[in-house]
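A quick write-up on the structure given underneath.
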Amino acid sequence: MKRIAAGILAFAMFAVAGCGGAQLGTSSGTGGQSVKIGFIAPLTGDAKTYGESAKKGFDLALEQAGNKAGNFTVAVTSGDDRNDPTEGVNLATKMISQDKVSAIVGAVTSSVTIPVSEVANSSKIVMITGTATAAKVTVDDKGARKPYAFRAPFIDPFQGQVAAKFAVENLKVKTAAILYDKGNDYSIGLTEEFQKTFAAKGGTVVASLSYGKDDTDFSAIVTNVAAKKPDMIYLPDYYGKVSLIAAAIKAKGLNVPLVGADGWDSNDLDFAALAGGYFTNHYSADDPSPAVQKFVKEYEAKYKAKPDAFAALAYDATNMLLEAIKQAGSTDSEKIRTALQGLKEFPAVGGKLSFDANGNPIKAAAILQVQANKSYKFITSVQP
Amino acid sequence: MVQFIEQVINGLQLGFVYALIALGYTMVYGIIRLINFAHGDVFMIGAFVGYFGFAVWGLPWPVAILVSMAVCAVVGMAIERLAYRPLRAKGAPNIATLITAIGVSLFIEYFTSLKFVFGPNYRVVARPFAVQVFHLGPVSISSVQILVITVVLVLVAGLQYIVYRTKVGKAMRAVSHDRDAARLMGIDVDRVISYTFAIGSALAAAAGVLFALAYPQISPFMGIMPGLKAFTAAVLGGIGSIPGALLGAVLMGQAETLTAAYITTDFRDAIAFGILILVLLLRPAGLLGKAGPEKV
Amino acid sequence: MPLLECRNISRYFGGLRAVGGLNLTLEPGELVGLIGPNGAGKTTVFNMITGIFPPTEGQVLLEGRDLSGLASFQVTQLGIARTFQNIRLYKEMSVLDNVRTAMHAGRGYGLFDALLRTRRFGAAERRLTEQAEALLERMKLTARRDEPAGSLPYGEQRRLEIARALATSPKLLLLDEPAAGMNPSEVGELLELVRSIQRDFGLTILLIEHQMSLVMNLCQRLVVLDFGEVIARGTPAEIQSDARVLEAYLGKGATA
Amino acid sequence: MRARSFAIAGAILGLYGLLELLRQTGIISAYWAQIMDLSLIITISAVGLSLIYGFTGQFSLGHAAFYGVGAYTAGFVSKTLGAGAPGFVLALVAGAVAAGLVALLIGLPILRLRSDYLGIATLGFGVIIRVLLDNSHKLSPTLGGAKGMMGVPQLASFVWIFWLAVGAIWLAANLIRSSYGRACISIREDEVAADLMGVNTTALKTLAFVVGGALAGLAGALYAHRYPFLHPSTFDYLKSLDVLLVVVLGGLGSLTGTVVTAIGWVFLLEWLRAVLPSEYMDLRGVVYALVLIVLMIARPQGLLGGSSAKGGKRRATA
């Protein structure tokens, strides 16, 4: 009897949970002059720090806009994806079916943003990510555009190309070594493209070595790299790993230029170890453009810290979405999509932005140099 | 050849750090037959305390190591007292204690990553001394490597002294050999277990500080992988055996470094755990351990 | 042909000899006692026969068939069952299930019958349950049928162990100190029980026991072990007057 | 007996009808429908681990690996064959069979190990599978490696997930309430004694491991057709702990407990998302760990599990 009772309890719980949720769902609706936006980011878990930066950028953009997009008051519903694709799908589904959002800003990492973009696209809800750089965020498996997916950052291939071009043309190097994270799509994407472009421009990649996301000991691969005597080392990864590798390179006494990507842009970078290194980024804080100056100044005033790439890109993504809603003059996702796709030369931190046919921004990359005094120096700008 | 020697030195540095962690695993397992999953997290706490010591409080690094060892000794004893002893008193099955240990490990990781504790961020460790690279002929070796190897040797010698020359050490060996007999001989078993946790945790703390000096970045989740690999090393050498832990750790360090250097880096973790499974299957008592038949 | 034949079996544990060169033959229907001081190697003999620790040297034969290389469960399936000195029941399982588990080898249906609840499964399960209930009835455990084995009083646990061993349909039953921890009246009941099951199930029994009253009254023949070697064989009466046996027991000051 | 079986079958059919109706009419939103499906998928996987650990006592820390093998295999088959019911069914079968085969290959050697060593070996196995998934694009570009795999047709509708979950629970219950199940439990209780009572412990441990692994594989296969993106991080060895927690909370040796806890667990996490202010989200991990520790110290037999001997009260002649 006890078992049957328990079984009935299970089913009852199941049904009640379902219906209880359903009530919540039906009670929420869109108000007259307000627009609902969802925000998805990893606020806990292993990518928490990226998510927090993105949230700061998102919050700042909304605050500057006075929580308005045109005539609409913006209502935000935000959620934590824990950098877990499953959670990302659940959250996106919740925001779309339950909270009835008109658009979503997020997610932060590519592995969550790809499934989120699938859900958003099949529900015909606009999604714009600040930071996910994998090509498949905006195109499907067969390379066809997901019409409702957009992003603010340049995609992996572009950064890899720019870095290779800069290395050959400005640093005048002939050989390069690459160290990358084999478990990280961002790192792999950059590596592939760098390799291709570097070779096309006449350089030779003498070593391309991978490591895992939990590795902390790089002495073995750095020793191997040192034996190859490369002219430069490409380190396409986030600041945490890059700092460790640079320290290992320094400990090995290897003294060649290090080149990287936007993942370096963080206050937690090991500036001492990486001083003199170059990386491709979305903007330079020295850029006199009003968009950049306004962002940097107000960000520092609000958070008492320097913005990093995650914050800047989430800020851009949010601003572009708000502008699109304003131009569309509607909370209808289809109209917002059309407006977003049609944005021309939008003054963003990352430059004057327009979207290409695949929902990727057309913008220039800045090359920055790491300084020992915890700042970056603007070196040059590379057009796509 | 030069490169090979340098790789072996790299492997030694890694292996020696593993050795300090592995000693704690092996001592605890020897005495209460528990895989103390939380040991890797004690190592992490050690790294953080050491980092605060020399980077924030401005202590000289050897003092920072000692402070960290003292703090972690207390942490280790507290874990044993609060989480494991109640289960032991109840005579709970092995697995219940193991699951508790996993719980303790998760607790330490999540708790320390809260903002008001250590925070979730990576921290870059600024070394308290400049790294120098020495050249012995064509082979280069860094001051960090020399430091790690020296400190580990000193600590292992100290441990050897404690285990074989002091009263506590004798009691530990007696409890590890036969807990009931030791109790009958008037040894306070709970206290001996407590000391074992203290010593093992202190060694892990030292390992943590050295790790932070050698691979200068720390985070609340940094203990998981080194912990598992050090455990593998302890099993490889024969769990319960102190010389075994050292041998196993040195072999693990070499295996990991040399595969990364000469075979592939793609499967580095897979290889470490492949070794573990093979050892468990082919020689479960490890290289230096003794197998005993189960009593029926 | 003898039912069981141990030919010169020895067992070493890391250089230490537990049993050396033991020869033992059991004819069908015999009830033989294996006695000796603590640590003489009696349980090791059981372990060798049942294949838990196969003999380091020598052979064990059941009805002329060499048991070398067989796993314990195979030895059991060939007809040797045992009980344990330190009771090893499945404590969390019910009394009935303890017995039914021992019938697994003779369950009479396959995995797919079980998964899909076929007619054959139903019939076989009914048969198993009836047989198990009959055994419980025989052991006076019917009232305890649905209780967890671990909750039974000591004497009943001993009886359940015997019931479980019988459920494997053995030819040879090895009893390891069945009277340990029992009071005199319980020992008396046990004596009757062992006799009656031997008769009713046509068993051959090898018994380890320290309770001399039980051994002397029950066994037709005794084998005495000391330091892993046979020091005497014979009828209870012969053994009682054997000088070496007395020395082995009294010389060590052990209780007889 | 027969009447009761019909009553249960009727109740389940009725429940399905009700839920399907509520879903079709939108009273249960797409979100809660998704969570419901996920909870059933997790249930199937947890029932698998319940067989392995809860009933047979083989401590496994690598369950997520079977889940991953099932998901990737099914995804690959489905993507290769294209959308359509026959391809989908084949993919589900392939996912379960592949996970079962992997369980067989790994189980045969490592199930000799006892408790804690087995746990560590299965954990190691989980890490190895994760590394292989990270490098899977070298085997076939379709698998995507660390970049993840997308484009698996989303064919797992509620009717599939619900009935497969019911089927999995039914099969597991049948297995447990048979001589095989009793033999498995006897191994958990005392492996040496089980061996000496004529139970082929190696075969039964392997059986439980293979069936449990195949159920996880089936769950993974359903996941691949319900969630549009497969990434190795979803099948990380740390995820094995989630399933373990469900099985332990539900009570070792209690199938009902496992099912109730699995469903309750998924809904609880979603409910927490709704009620917990975001600044306390971080505490989730701390609470999760504390629950595990306190539970183990206070009630090692699990929250809902009593003594599994209560199963003996039922007549087995169902």
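Note that the chains take the letters A, B, C and D in the order they are written out, and that residue 1 is the start of every chain.
What we mean here is this: a residue touches a chain if its C-beta (ideal position, glycine included) is under 8 Å from a C-beta of that chain, and two chains touch if they have at least 3 such contacts.
Since the structure is predicted, the reported quantities are computational estimates derived from the model, not experimental observations.
Engineer: What are the mutual neighbours of chain A and chain B in this structure?
Structural biologist: Common contact partners of chain A and chain B, which must touch each of the two, are D.
Engineer: Fewest touch steps from chain B to chain D?
Structural biologist: 1
Engineer: Using each chain's Cα centroid, which is most distant from the centroid of chain D?
Structural biologist: Taking each chain's C-alpha mean as its centre, the farthest from chain D is C.
Engineer: Between chain A and chain C, what distance separates the C-alpha centroids? Give it in angstrom.
Structural biologist: Chain centres of chain A and chain C, defined by C-alpha means, are spaced 70 Å apart.
Engineer: Please compute the C-alpha centroid of chain C, do the same for chain D, then give the distance between them in whole Å.
Structural biologist: Centres of chain C and chain D (C-alpha means) sit 40 Å apart.
Engineer: From the mean C-alpha coordinate of chain A to that of chain D, what's the distance rounded to whole Å?
Structural biologist: 33
Engineer: So how far apart, in whole Å, are chain B and chain C when each is placed at the average of its C-alpha atoms?
Structural biologist: Going by mean C-alpha positions, chain B sits 47 Å from chain C.
Engineer: Going by the touch rule set out above, which residues of chain C reach two or more other chains?
Structural biologist: 52, 84
Engineer: What are the residues of chain A that contact at least two other chains?
Structural biologist: 182, 212
Engineer: For chain D, give me the residues that contact two or more of the other chains.
Structural biologist: 131, 134-135, 192, 282, 285
Engineer: Okay, in this complex, where on chain D does chain A touch?
Structural biologist: Where chain D meets chain A, its residues are 8, 11-12, 15, 18-19, 22, 27-36, 38-39, 131, 134-135, 145-148, 150-151, 223, 227-234, 256-257, 259-260, 263-264, 267, 270-271, 273-274, 278, 281-282, 284-285, 304, 310, 314.
Engineer: Quick one: which bits of chain B touch chain A in the complex? Just the residue numbers, please.
Structural biologist: 3, 6-7, 10-11, 13-14, 113, 120-124, 126, 131, 133, 140, 142, 144, 211, 214-217, 219, 221-222, 224-226, 256-258, 260-261, 265-266, 268-269
Engineer: If you look only at chain A, which of its residues touch chain D in the complex?
Structural biologist: On the chain A side, the touching residues are 2-4, 6-11, 13-15, 17-19, 21-22, 24-26, 43-44, 78-80, 83-86, 89-90, 93-94, 96-98, 110-111, 114-115, 118-119, 134, 136, 140-142, 182-185, 188-189, 212.
Engineer: Write out the stretch or stretches of chain A touching chain B in their complex.
Structural biologist: Its residues touching chain B are 46, 48-49, 182, 209-212, 214-221, 223-224, 227, 239-240, 243-244, 247-248, 250-253, 268-270, 272-273.
Engineer: Could you pull out which chain C residues touch chain D in their complex?
Structural biologist: Residue list for chain C touching chain D: 50, 52, 71-73, 76-77, 81-82, 84, 88-98, 100-105, 107, 109, 111, 114-117, 121-122, 125-126, 128-129, 145-149, 164-165, 167-168.
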